[in-house]
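Each of the two complexes below includes subunit A, the first together with subunit B, the second together with subunit C.
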Partner chain A sequence: MTYTYFPGCTLRTKAKDLDHYLRISAEKLGMELIEPADWQCCGGAYSNAKDEIANKLSSVRIIMDADKNTGKVLTVCSACHNVLKRVNDDLKNDENFAFKVNNYMKPEVPYSGNVEVIHFLEALRDEVGFDKLASMVVKPFTGKKIAAYYGCLLLRPGKVMAMDDPENPVIMENFIKAIGGTPVIYARRNECCGGYAVMEDPAIAAKRSGAIIENAKDMGADLMVTACPLCMYNLKKTGPDTGIYYFTELLAEALGLKED
Partner chain B sequence: MADKEQIIRISGVNPLKCMKCGKCTATCPNYDEMEYHPHQFVYMVEHGEIDKLMASESVYKCLTCFACVERCPRGVEPAKLIEAIRTEAVRRQGCNRLKADDIPARIDDDMPGQALMMATRKYTR
Partner chain C sequence: MNRIGVFVCHCGTNIAATVDVHRVAETLGKEPSVVIAKDYQYMCSEAGQNMIKDAIREYGLTGLVVCSCSPRMHEATFRKAAASAGLNPYLVEIANIREQDSWIHKDIEEATEKAVILGRTAIAKVQLNTPLTAGESPVTKRALVIGGGIAGIQTALDIAEAGFEVDIVEKQPTIGGKMAQIDKTFPTLDCAACILTPKMVDCAQNDKITIYSYSEVAAVSGFVGNFSVKIKRKARFVDETKCTGCGLCTEKCPQKKVPNEFNLGLDNRRAIYIPFAQAVPKVATIDPDYCNMLKNGKCGVCAKVCGAQAIDYKAQDTYVEQQYGAIVVATGFNPINIDAYDEYAYSQSQNVVTSLELERLMNAAGPNGGTLLRPSDKKHPKTIVFVQCVGSRCDDSRGKGYCSKICCMYTAKHAMLIREKYPDTNVYVFYIDVRTPGKNFDEFYRRAVEQYNVHYVKGQVGKVVPKSDGNLIVYGSDLIEGKRLVIDADMVVLAAAIEPDKSARSIATMLTASMDTNDFFTEAHPKLRPVESPTAGIFLSGVCQGPKDIPETVAQATACAGKVIGLLVKDKLTCNPCVAHSDELMCNGCSSCEKVCPYGAITYEEKGFRQPDRTTKMRRVAIVNEAVCQGCGACTVACPSGAMDLKGFANKQIMAEVDAICL
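Our next item is the complex of A and B:
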């Protein structure tokens, strides 16, 4: 299992834990990660206006680079994953977009259309397998009630992300079971934390994130897990005692890889 | 000024598909911050009231979380319509919602670069 691993800007700065625990866990699980040389930002957010082309080119470059080697872009940041998967879908299915991109980029070899963008959770489920993962756990989270927080970017739009049922997802709950924990189901697990609106009005993010944490705690959660650095930021801003971690940190701990 | 056809073209949304059930507004997590709610965006675009929407603060309150897109029983995709109107609003000269000079006051040591990149994409051109 060899992947073109795209960490993204935030995993080099504010979300180093998300990246570090992924890398050591992937090695243990037999996944080979090839980080492209000189990678740049994914674009940050997918622009929904159909006439916005230029700000999707950075994602196009990452996808075309993977086309030349592994054919699989592995991501973990929810935002990178969302942008890359949607731009890859446009390259495959939006003729007007692909035509304009190719006119500008003039790639030596045309894009094959075969690159897959996958999230680390999908790789754990579909390629490592949650059963195999469970068999490798040495420090299980036995008795811990863990609430998966999906947020908005991982699952939607469901037809393009195609990661799980966008309204009744199970992938993170099955991951929690694999590491020995007890998943907590709560209503707001796939509602937005406030996202980028924290730059527009921090009170919006505080309200949205506060409601999510309150809901998870009401349902008995000891811990929460996320894949998104912005969800992490918004949820942590609501108070000192949120108990939210990157899912990769719990993975590394369960595999006995976490340094004390 | 943006006209109705331009908004429909760049959003890819057909407001005539709407059956006015209100589910988009009912499911919107930021509903309480808006003067015009998602279902009103759809209705007002259909009736050509674009200028009113472009001038409203509501256009900047959408989180682009796609809850309305996923849950619309008619596949109308209101969030794409709202973003098209916002995009047209910030494309006008001098109308960036997020100004470079305002950014230092809005960030702190913990804020991920992702927040700044996303906000720049969504509030500026």
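Our next item is the complex of A and C:
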């Protein structure tokens, strides 16, 4: 399976682990990643303003690029995924947006509407298959109680993201089972970590992240996993000793790819 | 020469405010064949009807057009008026200028023009009407009640009281329905079982009532007065006529790990079981999904201990065919699945329960013998938070748009009962609105607030976070005080919305009864015919028609019985003469009509036809059973040779209507 891989800016700086372990795991799992040469920031946060088009254009470029070759954009950062998936949805369903974008970009071939934006977790579930993944695990996390932390951007808005039930998700729990661990269900796994509020008022972010960590530990978690660099930043800042990892790191370790 | 009379109704301002009724009458009066055209304020009133009758006599009318409301409303009224003045009632046509015109348009010019067109259409049709005579069909003096909850029980008892045979078909092993699971009833706080179980016993002992428990309706054919119903009696592997209900088998059965559906899975039952102590019929049933003997042939304990030798592992489903004059739908409801509302953590914590589960937890015959203990650790809960409208009045696809109607009252009841029995318990109720219309209902709710000090909070709960010790942190907002609440609770109770039972849809299809978008059965008229389905002979009882509490359900059940009795006392019913008819000279016996007929009214016959050379040739032709035909017209559309036609709605009449609109 070949994908147009969009790492996103953070994966070049603060979240190098998320990117590195994804790449080595994907290779092992037989996924071919093509990284567009000149990708730019996804826009950072999806703009809810209907007339805000300029900051969605870099996402549009990625999608149009994928349209020409693989037809599938693969993401891993929750924020990038959220932006790209929603912009793709706009291109398909918001005529006014699509019209203006096409007017401005003047693509040689108009967008076909066939590009799918999928998250690495979805690729593991739907294209590799958790059963196949489980069969390739060489260092299972047997006995480890692992709490999946979804955050807010990965699942919501539920109708557009369409990855899983936003109130009662199972995808990361099933991933944890596939790598041999025991998932820990806790109520705050889909709550916000504080997000960008950490810039404005670090105390709010600390309160949010603290409650999440406390909830996961209270329900018996040994480790936590996330897909989001910003969640990682906030949780680590609040609880440096929490034992929080990118899910790709655990994946690489389970597949026996992690160099000690 | 036709002599048509046209009468235009104002319907107060309903029509007259949007349609220039004088102009309509004036314009239509100039149509060929129209000899009189008048408008009047209320055509359906006695004066209006007299105006019509006088005109029929005075002008010797051969056809009548009334421009008024929908024919569903007053066609019968005007037909009757025509008949009493000596005009065949099927020479009356209605032009619907209210529902299809004045109510849906705003512009007077356009609405008036449309009224004229509709009137002209009816005039074109009525000229081709032929006098029809209604036939008669007999009435089978027996009723079927589908569903054995309080609605079905009450309807059956009332019909039986009038002396008619009634059969109850219930899919569960016992009758009783949801009311049997409820602990106390509002607003009087009587014990539900104490007032329900005597009625269940009455059903069993009444020689006019037959209970088919653990049974389902498999097929329905026929029509009002003459339904034929096939009832599937599921194999219960216990002979109902032999079982004494001693319950020994249910104690000896080694399969102990079967979720007890009567207690909503809060405890377990055996593979052979009697749902509850007062079950009717009180006979055991084997659950084939769990019985070791039925699954792998190893066990047989129940057969060994049964003194009555009632166990039959080889039992098969059987079918009963029965004729009925009327069918009552009383299929009831279920709470919705609340998995989509996991912000309340229902799937994460045993201490988050639905209100129906709380009924069982508080019931003396429930899993805790009536002591309120929270499920996770059997401790007394000290703080309980109730969340109302879980899935009701919901504006997204997760829940229902309607109000479930019963939740405000049963939540007040729960809160009050808990405060009464355990005064040291803190009780919070989060609500959107408290709705208490009903006799003594608001007084009941006020008592919960004022006398029992239940904390009512206007606002919603956003998140419930279960902790490892079983406690729950409840985050909510108090809209009146404008502040955020964080409550450390021991239990959370969710008032889940109610929805029609899943079986209702297939039953509606079998009965050709209509449903609304929420799968509640539609009544024939929302105000004036609330217990009848638009399909003749089908009646509605209880929550299958819309959310209701027990007093309302019982009132509707009795009203429904009244309507059924009104039908069953008749010896003959007048048939609709607007039925299909096949012209056998044109019919080529192709079977197209038979295939589309939803009522099975068409059969075929080999018939001899005289040829020009004086020989007789046999040919297959369609025959319509006029008593079974409902006049839907599907066959007239399907017929490729144009042999099939509908009386009163003949093909040439429809074409005349189309011409009147288009030409």
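We adopt the following convention: the second predicted complex is superposed on the first by the 260 of 260 C-alpha atoms of A that agree within 3 Å, B and C clash if a C-alpha of one lies under 4 Å from a C-alpha of the other, contacts with A are read in each partner's own complex, and residues count from 1 in each chain.
Rule of thumb we're sticking to: a residue touches a chain if its C-beta (ideal position, glycine included) is under 8 Å from a C-beta of that chain, and two chains touch if they have at least 3 such contacts.
Everything numeric here is computed off the predicted structure, so don't read it as measured data.
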Have a look at where A:C41 lands relative to subunit B and subunit C in the superposition and call it first, second, both or neither. first
Touching A:K50 in the superposition: subunit B (first), subunit C (second), both, neither? first
In the overlaid three-chain picture, which partner chain does A:S135 touch, first (subunit B) or second (subunit C), both, or neither? neither
Considering only touches as defined above, state whether A:N103 meets subunit B (first), subunit C (second), both or neither. neither
First (subunit B), second (subunit C), both or neither touched by A:L230: first
Touched partner set for A:E167, first subunit B, second subunit C, both or neither: both
First (subunit B), second (subunit C), both or neither: which does A:K14 touch? first
Of subunit B and subunit C, the partner touching more residues of subunit A is B
Doubly contacted residues of subunit A, that is, touched by subunit B and again by subunit C: 167, 191
Help me check something: in the complex, which residues belonging to subunit A touch subunit B? 8-10, 13-15, 41, 43-45, 47-52, 55, 77, 79, 152, 155-158, 166-167, 191-192, 194-202, 204, 208, 229-230, 232-233, 236-237
Can you list the residues on subunit A that touch subunit C in the complex? 165, 167-168, 185-188, 191, 215, 218-220
Show which residues of subunit C lie in contact with subunit A when the two form their complex. 339-343, 345, 347-348, 463-468
Under the touch definition given earlier, write down the residues of subunit B that touch subunit A in their complex. 9-12, 29-30, 33, 60-61, 63-67, 69-71, 79-80, 83-84, 87, 97-98, 103, 106-107, 110-123
